[in-house]
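One chain, chain A, links the two complexes that follow: it is found with chain B in the first and with chain C in the second.
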Partner chain A sequence: MKMLCCHDSVGRISNVIFEPIPESFVEHYDKIGLLHVMFDNPDNLSALAVASLHYVSVGQITMRPDCPAVVTVEGRAINFADVPADGTVVAVLDKGTEFERRESVSDKSMELDEAGAVHILVDSPWPYLQGVYDVDVE
Partner chain B sequence: MPRAFMDKTGFALAATGKDARTATGVDMLMSSAFSNFALYMSGVATLVNITQQPPGTASPTNVYKQGIVTFGKTFAVPPMAFCGGIKPNGYVACAPMGTYQSSGGGNVFTPNIYWITSTTQLEIYVKRDFSVSPGGSNFNWHGPDASSASYYILENSIQ
Partner chain C sequence: MSTLNRLDSIRAIAERKVDEFYADRINAILGPIAPLHARKRALATADLIDDKVDQLAVLTNAAEQDKVVMAIDASRREAKARVRLGATSANVMAIVADLH
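Moving on, here comes the complex of A and B:
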């Protein structure tokens, strides 16, 4: 199904409109300066997948790049490499009956007091996808 | 006694045994004089976190996500819309109300999702999962955890 994708100046897709698209739609968007691109959708992606996993680059719907961060565990230490500048790391520690949240912007490692499962989210500058890592600290 | 007729004002179809030129109410099955809601547009809007308190809510700030859909024209009156938040598993959540824990310890009802239409755009607000811990106390606003929202805009045929 073809889709009309509205986006901002850095390619964030704000709205995906399904066919049938009313006449004069595109003309109206051009008139009010709302950026948009028609997507032929050859792989029949869902609108959710288009809006969340793609962006508009040079007028084309393009996959957002994966988060380049690398997460490794050494003992009780979790190490972060290749986190893009201005990236944010959030670690959620599963303590069985409760969760502890830790946030770091520039640290390259995180030392934990106890063993357990840790859910890590790395938010990088646009257009990177959010990195999701699940590790076990022993 | 015609059961149906068509003239310059449109089309009408009356119930069996009724005159389409004079039938009213339940005796008229279909008429161009009635309001008919046709699908104008549909799609999926991306939701982004907002820091301001949405209009019409008593909720604190930082609790909602917002999606905006710009129509392809200016309507004479704001059109009817139906929306649902899309959860990460692809399910569409339309549960209208939820609770949050107030500073007094009780639960306060607040919309999980609501939307506003003007003549030019649709604004969708979906409550997000959010918590703060002022003074060591936890306050949680559990929402549909949606990153986008599906929507349908209906156009009234007689407006």
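Moving on, here comes the complex of A and C:
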């Protein structure tokens, strides 16, 4: 089902309206300067999927690119490569337990004192998707 | 290369959880009118209660409550000591799990 996607100047989709779209809406958006683009939505994606996984580039709804970071493990060291400038890395330990904690990582490598699972989140500048990596250090 | 100390960070959380667990138990012993009991204890200790039977009851109850609270606090300190001595994060997590 077609949808009208409203977005900001960097293509971040703020809300969507499914067909039928009243012409008055479009006129109003034009009047107040709210950017918008029509999307055919051939895969019948949900509003949430469109808004969270896509952006508007050169007037077209486009998939947001995957996070380019590469996360590798060597023993108890975790290495972070290709993290974009201004990207942030967070290591989540004991995810989902009462001991879950988040530690910011500023270096290109991080060493842990104990073996175990580590959930890594890499947030890159827009429009990259958040990188999610689950690794086990030995 | 930075180092992330899993054991130290979990130990800090575990110590807080031990305190929270025993604080709940102590608060349950003290009850919802703890300030009133404390006030009565202060009056009884200062010999300001006219009814001597009532005064003795207040002091006896206070002493019994102190014993229970001290026993709970001893358990709290023992659990925290074990947390501080835990050699691995798994050890430390097990100590907290055993509290419940």
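Note that in this section the second predicted complex is superposed on the first by the 126 of 138 C-alpha atoms of A that agree within 3 Å, B and C clash if a C-alpha of one lies under 4 Å from a C-alpha of the other, contacts with A are read in each partner's own complex, and residues count from 1 in each chain.
In the analysis below, a residue touches a chain if its C-beta (ideal position, glycine included) is under 8 Å from a C-beta of that chain, and two chains touch if they have at least 3 such contacts.
Because the structure is predicted, anything quoted here is derived from the model rather than measured.
Once chain A of one complex is fitted onto chain A of the other, the partner contacts of A:Ser24 are limited to chain B, with no touch recorded for chain C. In the overlay built on the shared chain, the residue A:Leu93 is in contact with chain C alone; chain B does not reach it. Legend: residue contacts after superposition of the two complexes on their common chain; A:Thr72 is shown touching neither chain B nor chain C. In the superposed model, A:Ser109 makes contact with chain C only, not with chain B. Touching more residues of chain A than its counterpart among chain B and chain C is B. When the two structures are aligned on the shared chain, A:Gln60 is found in touch with neither chain B nor chain C. Contact residues of chain A toward chain C in the complex are 77, 91, 93-94, 97-99, 101, 103, 105-114, 116. Interface residues of chain B facing chain A in the complex, by the touch rule stated above, are 40-46, 67-73, 86, 90, 147-148, 150.
The residues of chain A lying in touch with chain B in their complex are 3-4, 6, 12-18, 21-22, 24-26, 28-29, 32, 34, 46-48, 50-52. Remark: chain C residues 1-10, 13-14, 17, 88-89, 93, 96 touch chain A in the complex.
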